[in-house]
Every structure is written in structure tokens, then in C-alpha cells.
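Heads up, the thing below is written out as C-alpha cells.
Naming follows writing order (A, B, C, D, E and F), and every chain is counted from residue 1.
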Amino acid sequence: MPWEELLSGLLHFTPGQGLMMLIGGVLIYLAINKGAEPVLLLPIGLGIILANIPLSGMHEEGGIFWLLKKAGLETEVFPLFIFIGIGAMIDFGSLLERPYTVLLGAAAQFGIFGTMLLAIVVGFPLNEAAAIGIIGSADGPTSIYVASILAPSRLGAVAVAAYSYMALVPIIQPPIMRLLTTKAERKIRMPTATTSVSRTTRIMFPIVAVVVTGLLVPKATPLIGMLMFGNLLRESGVVTRLAHTAENELVNIVTILLGITVGSTMTAATFLRADTILIFVLGIVAFSLGTATGVVFGKVMCYLSGRRVNPLIGAAGISAFPMSARVVQKVGLQADPHNHLLMHAVGANTAGQIASVVAGGALLALMAGIL
Amino acid sequence: MPWEELLSGLLHFTPGQGLMMLIGGVLIYLAINKGAEPVLLLPIGLGIILANIPLSGMHEEGGIFWLLKKAGLETEVFPLFIFIGIGAMIDFGSLLERPYTVLLGAAAQFGIFGTMLLAIVVGFPLNEAAAIGIIGSADGPTSIYVASILAPSRLGAVAVAAYSYMALVPIIQPPIMRLLTTKAERKIRMPTATTSVSRTTRIMFPIVAVVVTGLLVPKATPLIGMLMFGNLLRESGVVTRLAHTAENELVNIVTILLGITVGSTMTAATFLRADTILIFVLGIVAFSLGTATGVVFGKVMCYLSGRRVNPLIGAAGISAFPMSARVVQKVGLQADPHNHLLMHAVGANTAGQIASVVAGGALLALMAGIL
Amino acid sequence: MPWEELLSGLLHFTPGQGLMMLIGGVLIYLAINKGAEPVLLLPIGLGIILANIPLSGMHEEGGIFWLLKKAGLETEVFPLFIFIGIGAMIDFGSLLERPYTVLLGAAAQFGIFGTMLLAIVVGFPLNEAAAIGIIGSADGPTSIYVASILAPSRLGAVAVAAYSYMALVPIIQPPIMRLLTTKAERKIRMPTATTSVSRTTRIMFPIVAVVVTGLLVPKATPLIGMLMFGNLLRESGVVTRLAHTAENELVNIVTILLGITVGSTMTAATFLRADTILIFVLGIVAFSLGTATGVVFGKVMCYLSGRRVNPLIGAAGISAFPMSARVVQKVGLQADPHNHLLMHAVGANTAGQIASVVAGGALLALMAGIL
Amino acid sequence: MYLSLVPLTASLQIAPLSQDLSRGLFVTWAGMAVVFSVLVVLTLMMLALGRIFRPGPDEE
Amino acid sequence: MYLSLVPLTASLQIAPLSQDLSRGLFVTWAGMAVVFSVLVVLTLMMLALGRIFRPGPDEE
Amino acid sequence: MYLSLVPLTASLQIAPLSQDLSRGLFVTWAGMAVVFSVLVVLTLMMLALGRIFRPGPDEE
């Protein structure tokens, strides 16, 4: 009977779907009222609500969510296009003025691998453990890229955890930073850069980064390639109309679609599993571990440099661009109201962006060899 | 002989194709010189001309029109993306201040079903009759969405009728409105709203609309979901760059492609049938019937409310956003130069937008049960 | 061993790939430091570098370059969408004021066919010879469109040659122009147009151009259709938001993707062949030959018109819009500092744009008949 | 018994009512019922929302 | 009769003309003919348009 | 000889180390080694770039 067909939506509605809608509503609430990464969490939230309406047909072959997932996520087009835009937004100047900060970005990536180990210990299969670890990249598109290759069914949880904790960086990081440093360390002042960077260096950097990273970690080439493509558009200075479109319309259009598509993967069936909570717990671990290893490596550099490096800036190595750099600045100012660490932290921060991509590529390559 | 190949275009040109080109030219003329929905009718017009050039190969597998149709119309991506942009444009404030106007939007949808019945009577098969009825939704993307599912070969006629009559609303509606109301009724003044709507209500509305409509009419979820997604981007206030892109670049790019693609489906073979004229006749019936039932329902509300509702605003329930609301204002002013009905009509107008989507979803669900 | 997998990129790196990266670097250098068509050559340059990183997987099924090539080049979507934008940018007013300049655009297309003959003589198979000839269209999207149909493996070389020589037009053209004209001829002044063109004519022109070209050369319909679609959006004056988006965001987004995709086709295996150098040599021949026949035809018109046409403007017939018109103006001023040929040259220039498309369509049709 | 029912049934159906038309009539009443049901629920939700989330003093 | 035609035909074809080159020559003349035909028609149309739709007094 | 090696090998492997965990440990050290190697090379390249392409007098 057609009439039943019309009411069948209500009849097929499950408590699980109701719970998922509530979760979607909470994300929308956090996005709007707490300013938590609204650009992604708001579309994800509504995507979750839409995805849990029974019999909408949107997930079936030909449906809009099936299509967006197939065309944008499975192809990796969405995260890669967003990386073009992010590259066009990022100024690597702070990093180029302080090349040593690169190492802090490297150290903080232990958050990825350490969390992966923990996820294995608590029982996740290897591929899912790696996808959970990537939350520690503290970078949205990298997380989505890696998770959708290694463990598509976990994509929603991983993406939501990554974006949520990026918004929570001002709460997660400071206690760890204070725990691992002495007040004297936090007071260390760092000189403002005396060397400036030539335009040629800025233009050469994205090209060199692509070649070095690509040759050493081929699987990282798509991510680093698109990121540095955007950056080359920016730094070249001769294609401002392309750079402007990349960091605005292109990234906006893709973000609108990416958010709702990621949300649409979070159906009750895939998301409401006991171990999803574990993923969120491990996600906090990932951010904390990355922060900790960044700071500890900062302490090592502090010691080796004769206390010329403030270890706090290591916390910015997790990326979470640009929030964690601001957190470093704030914690530094609390120890010494005249200590401005921002530009150093931004160096570590952009290094963390690159290091996350390298770590993601390494993870994919090593997993491809194992699985 | 290759030479023949070059002249073969002219040799294969049929009078039907010439007639179609003329029709395309007329649409372009109306769009430019009469301001008739140029954003759609101009691209449709040129699309028709292009589609009727023989041997261009654009409709064959791999051709650009084949591709756009497959990627944009058959997937419903074009109307759905446009709905994101429309949602980001619409202010539901007038509706939220006057929830009762929702019912006028519901009543006016009889234009859809009544016309469908008439189309059955004059001999159209059920699926085509429903596609013809949807012209009465007085909404472009809804018409395209429903028609391309139920009767793809009638898509061109339905879309052109829908957009043309939307442009003709100022001519079609007033006589019907005056015929069905007394001058005393048309003079009824309505108070300006005293209640204002909180930001929270504006934010909650798109979410509630998605859940209610989706659960009750699952097949309407894609349309209402994208419409309300755009509206949530708008009302949240925290993702202005996404909302701005949705209502500008996204909607413009898709409109450019949608128009020419709809036009490209109108080849002589599919369009030049005697019953195509019937579709255009039935299209006027649809708009008229919707207007009439809206006004009649307005009279009922007028009576029940003790003459506190001016029945004219029922005419705005057909949607045809925002033209029909302006028509109501104008006819009201003719009866009483100090009677400003605009905001009430806009309420009914936006209600009609939602009601059209619901009606479209209901139509699809009921047809899926029958066919 | 997974570890080997990580180093395998370096191990698989070949000298050929290194050479290709160098070529990519040179293109980037030319784009940035010499201002050589940076909008295309910069993305192409980085695309080449990325394409020659071994084991990145970007060319394999599902990889981003495989996908962009399949979705944007093989479908011809990229060049066609760019043509919508170009159409929205071009003002055909100068041409409409001087219809006779159309013939100069026609004459200059001999660069295409003459070069094709030469390419056959030096041993290229017919399809590749035609693709090489199309460099003489001096138009990027036309070259990409035709080459990707006739000889996809030569697309990179053809596209790079076309864009590079467009940037070199101020160096390639003047000697040929001076060689073929006497100083007296170069001094011929041409009257500023006395007739102005009505808005109706401007609107009718794209429609007429589509119908005439489409009926006579069906295979040119997609290109001329999209070009004139953009122009109609522009000239209609009633859809400024669409025209604005077409010539800005649409064209920018597609250009970003087109450039990197064209670059990605240039792997060492396809590009590093001895005859690739021949393609670049033939490309210069194409531009020179087109310039020469344009100027010679200008001389014929000069003679027939009783020295009322300055033969220099024939050089602008190759298109290379708008550089070659500026070259004509400059060479004219060198002969007579008060002789302003710009608007006449722009007429021939836009005629060359149309003629290139017609020639491309004719080439495709004749080849389809032969191959 | 059986025979007497046939003309009765037939008389209830308007004679020339095609199968398509009867289906169309069904779709019409069902469709309009759905449209009104959904929009009435929406109205109630809107009224409830308006009550629960009143505008603050600074929102007007 | 037949025999005498062969050398005639052969002499009309320039001896070392490969099949590809003769095809190329055909494409060249056909292509240029098409380009000129189309653009001449376009010119005529433009002239006609200019005559029919003269600019109004306010358009200059 | 062979027999004596088995317990030795076994003792080197931490007993309850699952196959997944040992693989995970491998991925961890290999991954971190790769990240540091790549970024050290990048640092060296950046230092070299900074030396080779010093800012001109007008760039500050």
C-alpha cells in the first residue's frame, strides 16, 4: 500500500538513529555556540542527521550521499582539493626563517604512532589502529585522506575526533605543557628572527618540498603535492587570481560538500559501536601524546642549544594550525608577560603541517607493505 | 568522402530542428527583452539551439551534453546543489513570525495534484501526468528533480513551463485572485507581527524541518535536506564564508550548467510532439489551480479567524518565490492603498517553498508504490 | 620488506624523470620570471614535477591524476568550461564594427594546415601531424581539445608549445611582419570605425555564430557553442551574476585543475622522445606560418581595397588573444608613431579566435572521415 | 449473491473511471493529506520553538 | 584504353607523394575552404545584422 | 645447535607480543625514522636555499 510507504519512514526509525541525530545536534550546538571548528562540524552535524533518516535512499546507489562519497571521498578528491586551498593560505615564512623548528614538527608526530600502538593493545585491528592514530596528525584533510583509505567505516569517528580536538586544543594542551616544563623553561625568551627570507627561497620551497618528500615517501606525494601546489600559486605572485580562487571559492565549495559527506557516513549501524567511544578516548591520547613528545623534544633542543629554545614551542608541532601556535603564545605569556613566542610557534606549527603529511604518507606506505 | 562529412550537417538539418532553434530563440528573446527568468531561460534557450545542430556528437556517449545530463541531471546533483544555495538565500523569518501561513502553502499544492488528474484525463500516462503536475510546485529545482525521475523525456517541457509561468505570475494570478475574492475581503488589513523570532528558533527551524519532513516523507529528504542545509549555513552565523559561497559561486556555476543541460534535452524528436502543447496548457492550469486553492483556503481562514486573514495571501502559497508575494502586495494595494500585505505573503511564499518540496517527495513516494 | 617500500621511490627514480623535473622547473621559471603565460605554465610545470615522482600512484586507476585526466581531459570538460569563461571575457565589438577583418582570421589558420603537412613530411603519422598543426591555432583550449582527441600522448608537448609560443608572440611575429611588408605599407593609416554596433547585434552575434558554424562544421559545435554561450551570458546584460562567475571563479577553478592535469600527462616515458623536439620546432613554424599567411592576405586586401587596409593587422589573425593585437599596434607605431592599429588588430584577433575553433572542428571532422 | 454484487460495485465506480484515474485520485488525496500533515506538524513545532526560545532583550 | 589511363593517373600524382601526404593535402585544402566558407558566411551575417539592427540614438 | 637457538630467539621476543603489536612497533620506528629523515633533509634544503638565495637589499 502506498500509504504505508509514506509512513514507513517513521516505522523504520530506530532508537539508534535517534541517538545519532542527537549526536549530530550536539555537534551543531558545539559548532555554533562554542565555535568548535564550525566550518566542518556544522555540515558534519547536519550530515549525520540526514544520514539517519530511514528510507531516504540517499545512501543507495545513485543517491546523493552515495554519489558524494564515491566521487569525493573514495577518490580523495575532497581532501586533496582542500589541500590546494590550505597551501594557498599558509605562509611558510616563519618556518623558513627558523628551519630548526622543523624537527619539533617531526617529534610531535609520535602522537600518531604511539596512539596506533595503544589502539592495537586495546584490540583494534592494524588498519583501524593506524586510522585512529592519524587523529594525532591534528590535521583534518590528512586524517580524512588516511582514514578513508585504511578504514572507511571509521572515517566519521576519526574525522569528528580530529576536528573536535583541534577545537579543544586550548583546553587539552596547556596542562600537559605546564606539567612537562619548569617555569624557568617557560620563561626562556627567543630572539626575533634576524634573517629574512628571499622571495626566491619562498618560491623554491614548495618545489623542493614536493621533490624531497615525494622521492622519499611516494605515498605522501598526492597530499604534499596539492598542499605545495597551492603554496606555489601563492608565493609565485604571478597568478593571484588562481591563488585567490583556490583559497576561497574552491576550498569553500569543497568544504561544504566534504562536511556533509563525512557526516553522511555516520549512520547508526557504523557509528554506534562500543569501540567508537574508545576511538574518541584514543583521539585525546593522540593529541596529548603529540603535545608531550613535541614539548619533550623542545626540552632536548633547549638543553642542546644552551637554553636558547623555549620548549613550549614544541607543543605547536602537532600542527592543529593555527590554534596550537596561539596556545603556545598564551602559555608563554602566562610565565612571562613580555615573552612573545608566536612566530617561533608558527614555524613549528607549519612544520607540523608538513610532518603530518609525511607521517600520513609513511603510514600508508608501511601499511600497504604489511596488509 | 570527407567533404560530404563536412556538409553533412546541413544535409541532415530537419525542419523540426529549425523549429526548435526558433523556440530557443524565442526563449532567449523573452529572457532578455521581457526579463522572464533569464538566469534559467537564457541558458535553456541556447541549449536548445545547440542541441538541434545535427551531427555535433554532443548527445552521444562521451559528448558534453551526454556527460552533463548523466553527471548533473540523472544524479540530481544540479537541482540539489542549487537548493543548497536557495536555502542560503531564503529568510524564513516571516514564516516563523506567522506559523499559520504554513497552511496556505499546503493548500496551494493542490495545483500539483489537480493538474495531474487533468493530465490523466486528457490521456497522459500516470508518470508523465505526475511530472506535468509538478509544474504546479511553481519551483524550478523541485520541478526538475521530480520530472527527471518520473519522466525524463518530458523534463525540458516541464522545466521551461515552470520557469516561464513563474515569470508570468504577475499576469496569471491577479484575475484569479480578484475573481475569487470580494473587494471587502481584499481590503482586510493584517497587523504587522508583534512577536519577533529568536536566533535560536531560526537556527532550530532548518534542523526541525529536516527531521519532521524526512521522517514523514523520506523521499523528500534530499530536497528538504539540501534546502535546509543551505539555510542552516545562513542562520548559524558562524560560517559566513560557506554561506556566501553557497548562495553565489556554487549556485551560479551550477545554474550555468543546469540551464544549458536542460535546454540540451529538448531535441526535436523529444519535444516536437502534439502533446507538448498540452503540457504548456496544463502548466497554466497548474499555476491557476494552485492560486485558486490557495485563495480559497485563505477565505476559509478568513472566515474562521473572524476576518483577520486577508485571503489574497493564499495566492502566495504556490511559492514562485518571491514573485507571487509581490503580486499579493500589489493586488492588495489596488484594493486599499494603505494595506501592506507583503510580509504575510512572504510567509505563505516560503511556506509554499517547503510545501512544494513535501508535495514533490510525496508524489515520488506514492508513484514508487504504484508504478 | 616495508622499509624497502619506503626507499623504493628513490631506487626507481630515473635520469629521465630527473630531466622532466628540470623541464618542469624551467617552465615554472619562465612563468614566474619571464611572465610566460603563468596561469597555465606554472601549474603545468608543477604537474610535470609531480608526474615524474616514481611510485606515487597518482597515475594509476583511482589516483588523482588518473581521475583528473579521465574526468577533465578525456571528457573535454576542462577546455569546454574554460571556453565558457573566455566567451564571457571577449568583446566582439571590434570585429562587428569591421566584419571584413574576419577574413584575416581565416587566412592565418593556414599555419595549422601548413604545419600539419610539414609534420607529415618529417614522418609523423597523420593524427599526430594534425595535433601538431593545431599549435598554429595559437589558442590554448582549442589546442588541448583537438590534441586530446587526435593524439593524447602528444597533448603535453602540444599544450606547452601552444602556451609557450603565445608568450613568445612579441618575439616571433615582428621580424616576419617586417620581412613581408614594405615600410610604406606599414605606414598605412586606417580610419577609426564610424559605424557603431547596436546591442541587438551584439546579442544576435553569438547565436548566429553558433548556428552558422554548427551547421557547417558540426564537430566544431562544442567549442563554438561554449565560447558563444559565455559571450551570450556577457552580452545579454541580464545575467551579470552568471557572466561574472563564468569569467572568474569557473574559469579559475578549471584552470587550476587543467594546468596541473596537462602537466601530469608529461611523464618521461611519453615526453622524452627525440621527436618531441621536432614538435617544438614545428610549433614555431606553425606560429610563423600563420603570421605570414595572415600578413600576405593583409597585403591582398590592401591591394584590393586601394591601400585602405594596413597588412600588419593580418598578423593578429592567428589569435594568440590579445598579445598579437598588441604586437601589431607596436610594429605599426614603429613605422609611424601616430598610426593606431589596435582596434583593427583586435577585430582580426577575435576573428582568429573564431577561425581557430572552426579550423579545429574542420580538422576533427576531416580526420574522422579519414582515420 | 455474487451476481448481485457486480452491478453494485460497478455503480460505486464511476463508470468510465480508468485505472490510472482512480490511482491518480488516490495519489491526490494521499498527497494532499501528507502535505497538510507534515506542514501542520511543522507549524506546531514552529509554535513550540517560538515559545521555548523567546528572543532575548537584545534581539528584536 | 585501360592501360593508357594508368600512367596518366600516375603522372598526375607527384611520384613520391605518400598516402599520408596526399591525405594531408586534401585536409589542407578542404580545411581552409571550410574555414573561409564559414567565416565568409559569418561576415555576411554580421553585415546583415549590422544593417537590420542599427544602434538606436542613445547607443553610441 | 638448532635447539638452543629457539629459546634464545623466543626470549628476545617479548612473550605476549602479538603479531599486530610487533608490526605496529615496526611501523612506529620506521614511520618516525621516515618523518625525521624527510624533515632533516628538508631542513638542510631550507638552509641551503636560504644561503643561496639571500634576500636582495629591497626585500626585508
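Just a few scattered comments:
Keep this in mind: a contact is a pair of C-beta atoms (placed from the backbone, for glycine too) under 8 Å apart; a residue touches a chain by one contact, two chains touch by 3 or more.
No experiment lies behind these values; they were computed from the predicted model shown.
Comparing mean CA positions across the assembly, the chain most remote from chain B is F.
Under half of the residue numbers found at the chain A and chain B interface occur in both copies, marking it as a different-residue contact.
In whole angstrom, the spacing between the mean C-alpha positions of chain D and chain F is 67. Chain centres here are Cα means. That of chain A falls 41 Å from that of chain C. Looking at chain D, one finds that residues 26-27, 30, 34 touch two or more other chains. The set of chain B residues touching two or more other chains comprises 2, 6, 216-217, 249, 362, 366, 370.
Interface of chain C with chain A (complex): residues 1-2, 5-10, 13, 21, 25, 28, 31-32, 35, 38-39, 42-43, 46, 49-50, 53-58, 62-64, 67, 248-249, 252-253, 255-256, 260. Interface residues of chain A facing chain F in the complex, by the touch rule stated above, are 95-96, 99-100, 102-103, 105-106, 109-110, 112-114, 116-117, 120-121, 125-126, 129-130, 195-201, 204-205, 208-209, 212-213, 216-217, 351, 354-355, 358-359, 362-363, 366-367, 370. Residue ranges of chain F in contact with chain A, taken from their complex: 18, 20-21, 23-28, 30-32, 34-43, 45-47, 49-50, 53-56, 59-60. On the side of chain C, the complex with chain B involves touching residues 74-77, 80, 84, 203, 207, 210-211, 214-219, 221-222, 225-226, 228-229, 232-233, 236-239, 241-242, 244-246, 249-250, 362, 365-366, 368-370.
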